[in-house]
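Look at the two complexes coming up: chain A is in both, with chain B in one and chain C in the other.
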Partner chain A sequence: MIDALLRSLIDGLLLGFVYGIAAMGLTLIWGVMNVINLSHGSLIALGMFSVYYLFIGLGIHPYVALVLTAFIGLIFGIIIYFIAVHRVINAPELSTLLATYAVNMMILGVGTAVFTTTPRNIPLELGSIQFGSTVITTTRLIAALVATLVAVGLFLFLKYSRPGRYIRAVTDNRDAAEIVGVPSAQVLALTFGLGTLLAAISGGLIATFFPFTILAGESYELKSFVIGVLGGLGNPVGSLFGGLILGVIEGLVPMAMPTTWTPVLEFVLFVLILLVKPNGLFGGEE
Partner chain B sequence: MSEKLRQHASLWLSLAVVLIIGLWPIATGDALDRETAFTVLSAIALASSLNILLGYTGYVSFGHVVFFGFGGYVGFYTINALGWSLWLALLAGGLSAGLLAYLLGVGILRLRGAYFALATIGINEAVRAFINNFRPFGGPTGMTLNFSVYKAYGGAMHALELVFYIMVALTLLVTLISYWVRTSKFGLGLLAIREDEDAAEVMGVVTPVAKNWAFVLSAIVPGMVGALYFFKNGTIEPGLAFPLHTSIEMIVMIMLGGQGTVLGPIVGAGGYEMLRDYLLVSPLFKNLQLAISGVLLLLIVLFIPRGLVGWLRQRYAKVRRWLI
Partner chain C sequence: MRRKLYLLLGLLLVASMVLAACGSKSSSSSGATSGNAKTVTVTIGFTQSKTGKYNEESTRQSDGLDLWIKQVNDKGGIKLGDGTVVKFKTVSYDDESSGDKVQQLYTRLITQDKADFLISPYSSGLTASAAIISEQYGKIMMATGAASDSIFSKGYERVYQLYTPASHYLTGAVDLLKSLDPNVKKVAFVYENSKFSTAVVKAAKEYAAQQGYNVVMFEGYDKGTTDFGAFINKIQDSGAEAVMGGGHFQDGSTLARQLYEKKLDIKYLALLVAPPDPSFGDLGDAALGVVGPSQWEASANYSPESAKAAGLTWFGPTSADFVKAYKAAYNEDPDYHSAGGYAAGLVLQKAIEDAGSIDAAKVKAALDKMDILTFFGHIKFNTTDAHGLQIGHSMIYIQWQKKDGKLVKEVVWPKEGATAAPLYPLKH
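Presenting the complex of A and B:
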């Protein structure tokens, strides 16, 4: 009993790191430019397919393919920003919600036609590691480590690099940043690119242990919303903790009740936190 | 009389468009045309209802399909398990959706902008997940009507006809409600909330009450449409009742026609459904239907955010009194 509990707890925690990365992409974009990116889920799915085809088609090892996928995600995000978001960045939120949803429809439409909806999986067998009496799947452990590295990398980038400082300046006050010479359009494009990069990496990591289709992104997008709200929208560090909380919930709930109750709990929690603490569990008062 | 006719010109125009769509299959007598008209009319009814909240009040509900699904489930349950008639089921569907909106509204209408939109998505998913687990409503497999239910309405054929006439009546009703709200003092308060909620409050609009009634009004007809739709469908399950993309399609229809106008959602819903029909049957576009709708949506959002009716109103001052 204790063993089973420990095992689900660890499984959930490891998964939580990956969820956290996905949510970080969503919440970075929200925090910097006040845009809820409704194409997030399909971008996660594209990350899965990118790693899959680089591996199956070109024989590149999935973890190397992940680096390429991250780069592709960055470029793709910047392109999406200039085509779909830039023109409506100052319009009411309905415009950006719909613009990003339009991108979502295009990706899913073309994706369904090209990739079909047959489930795929990446045949990567790395076995598992024995820790005392518990067993950990290696791919999940590596995924959690990569996710942590990416999170730390993002933190350092935002804190110390020049573009990172620009991003923080635009977050605080876009007008003031423009006055002192920050190129805000480029900064917003870079932010959208980074958000997409995070989505693509999380998708690629998930693909190493779960089967997927082009439509698989939607459920991860919804999880990202829940996590983003748990950790505070616009707070990338909070997202990582939010991801861990969600991971633990997903790991432990099945011990107490049927698995199908998990989404009920998650979304009720989501709405309640929006109502009671819209800045997230770790956010201050408004 | 002619003065009155002119005063409400835009109402007559909107009602006429709905009536033409409703009478067209009766004129041709083709059952397939009737199916098409049913789809178009239910799209109009849903889009016009949502427009009361989204277009007039400025609150973006991304999960509005929850009222369609919830009303559908309650209506279906009353027919299937309690043996109620279709009329009572319609009433139950509408009232339960309205009640749900009232209770939800007390909580989530305090949220503004994107937070409200997020909360509505969360609620749709929560209700879907809950019903997935709710035994009396059949859980994940849903419920199926016993075929003999249709006997009370003169067999399945006649029941289908009856359902269509009710759909026409519901669409006319929602058009009337939409026009009444748009031109009433209550509606003026909603428009004020859309422009600036704090200013509206200062000017004497009791915003929490006004918003909540707008929410309830926008939920009742979708609940009735849901009850009707699933009675016609004969079976109901969570995946059919709460599809997130239907919520967004409603918004697309409103945007296409012009948010905040009475005629806009009618034109938008009709146009969208016709386009989708065309894309679905054309072999070239069948697989890319979703992608093309996406391109269309993006073009509207980027270049004509007011929609067709809004654009006409802005471009030609003379048509403004004819097109609300």
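Presenting the complex of A and C:
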């Protein structure tokens, strides 16, 4: 039994890192721009397809393809910002919500037509590593490592780089930042691009071990919301911990009850946190 | 001016007559007479899952059906006793693997496209939806790719099943395990929460318990599950020596892949639907040793001789002829979905020939009396308590094995039909 718990814990933690990255993208955009990005799930799915086609079509190794996908995600996010979000950024929150939802529907519509909803698999065989009775699939281990690197990278970027400092300045007080010369439109576009980049990376990583369709992003978007609330919306580092918590729940809960109960518990937790600690487990008092 | 108008009117009149004549020639299922031989074109309606999760299986099923139609029409159609020649055409739509869509589309096939006979969509769930509509309009529907028993417990009179029903799907896999290793006692059932898989594993679980097995785990997973990590940990924890279950192609192949990646120490793995599919071999070593029930295999040895031995009428091509024609048409090996699609047409053809008519009531009577052997196996329908349920056909069990370094499908059960000795135990 202890063995089984340990195995489930490790499985859950590895997956949790990837969930964390996905949620970080959502929560970064929320924290900086006050925009709930409802196209997050479809952007995750696009990340999956990007890695898939770069690998299947052009023969680029999935992990190299992931770097390209991240870059494509950044550019795509900036484009989406200027086309769909920029003109409603100062409107009430409902407007940006609808704008990103429209982007979501467009991606899903075009994606369903182009890719169909036939499930895809990236045939990447890297074997597994065994410790006693615990077996870790290599692709998941690599995904967790990449996710950690990306999280650390984002933290350093926000903390020490000039654009990162601009982003934090805009988060704290956009008007004040503009007064002292921070180009807020560019900063917001960059933020949206970074959020999309994170979504694309998480999608690309998930695609290396799970099958997917263009509609697959939805469940990861829902998880991102739960994680975002757990870790505190607008708190990217909290997201990583939120992801780990969700991963552990998904790993351990099925050991005690039927697996179909896992999402029920996740959303009960979601509602409880909103009621009791709306700023998230790692959010400060307001 | 007036003369021009008359000319124009005259031209229009002639044109409309020509159009009307053409129209009556091309209208479906209404006969066009030329000399004495009357040719009737019968419309066969069905939906195909061109998108969605059933895409893979459904496409093969439709390919099989299309091949049958092409062959019948190329041979000049079916000649009935009264000299009428029956030819076939199809109308089909994409059901997107969705039950709601199926009901809309079958209504449309019947009311707008005037389909004379229907072929079911792929999967039990979609067929159950389609059967409600076909029965409502009194149309005969050949149900292929649908193995659920429950569709036939609703008192339908015009739905006919080609597949061995779900209740007999995995029972042979239990028998095979028993013959391989009498010491194995702990069995886990892990299955997709769908109509079909649930029906199969419930029947198999009962059967396994009767055979003295200890069912240590019995749990369903949601449709579209991609992460089996938690299930695999649970199987490992339950101490199961054999795992049976699965659902459809996508989840079954994902489960097999993840069981392999996790190096789960089990001796026997039997999954539904996925293993007999040729693309299951793309999993590589993860496919090795996996057993799967198949409705049909190219190597299955049904022939006019075996029909004679069993005292049955033989009808249609041999397996070898079917495989050859299918390969020539689609450049790939047929699997049982393909054969099921073809067989649906073939059995309908036999019924129309026996009835000597395309009249629905007469064809129904012929189907009720049907007792034949085809390349697909024995076909006979229940006509009493569960009308239309297949009672003639039986399953074949295949296993992926390595031959000269290449993965191949071998028939391992029943023993009479086996093409190779079973590989046991499974080596992950």
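Please note the rule applied: the second predicted complex is superposed on the first by the 286 of 286 C-alpha atoms of A that agree within 3 Å, B and C clash if a C-alpha of one lies under 4 Å from a C-alpha of the other, contacts with A are read in each partner's own complex, and residues count from 1 in each chain.
By definition in this document, a contact is a pair of C-beta atoms (placed from the backbone, for glycine too) under 8 Å apart; a residue touches a chain by one contact, two chains touch by 3 or more.
What you see is a predicted model; the values in this text were computed from it and never measured.
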| item | value |
| --- | --- |
| Fit or clash between chain C and chain B when superposed on chain A | fit |
| Chain B versus chain C as contact partner of A:250, first or second or both or neither | second |
| Chain B versus chain C as contact partner of A:229, first or second or both or neither | first |
| Computed vertex angle (chain A) for partners chain B and chain C, CA, steps of 10° | 70 |
| Touched partner set for A:261, first chain B, second chain C, both or neither | first |
| Touched partner set for A:93, first chain B, second chain C, both or neither | first |
| First (chain B), second (chain C), both or neither touched by A:101 | first |
| Partner chain(s) touched by A:131 [first = chain B, second = chain C, both, neither] | neither |
| Which superposed partner A:211 touches (first chain B, second chain C, both, neither) | second |
| Touched partner set for A:112, first chain B, second chain C, both or neither | both |
| Per-pair minimum CA distance [chain C against chain B, superposed on A] in Å | 8 |
| On chain A, positions contacted by chain B and by chain C | 112, 258, 260 |
| Residues on chain A engaged by chain B in the complex (per definition of touch) | 30, 34, 36, 84, 87-88, 91-95, 97-99, 101-106, 108-110, 112-113, 218, 222, 225-226, 229, 258, 260-261, 263-264, 267-268, 270-271, 274-275, 278 |
| Touch list for chain B against partner chain A, complex | 54, 58, 60, 62, 107-108, 110-111, 113-115, 117-119, 121-123, 125-126, 129-130, 132-133, 140, 244, 248, 251-252, 255, 287-295, 297-298, 301-302, 305 |
| Parts of chain C lying in touch with chain A, wherever the complex brings them together | 50-53, 55-56, 96-97, 193, 219-222, 226-227, 229-231, 233-234, 236-237, 250, 254, 258, 261-263, 282, 284 |
| Chain C-touching residues of chain A, taken from the complex the two chains share | 1, 3-4, 7-8, 11-12, 15, 112, 116-119, 121, 123, 125, 127-128, 130, 133, 135, 137, 210-212, 216, 250-251, 253-255, 258-260, 262 |
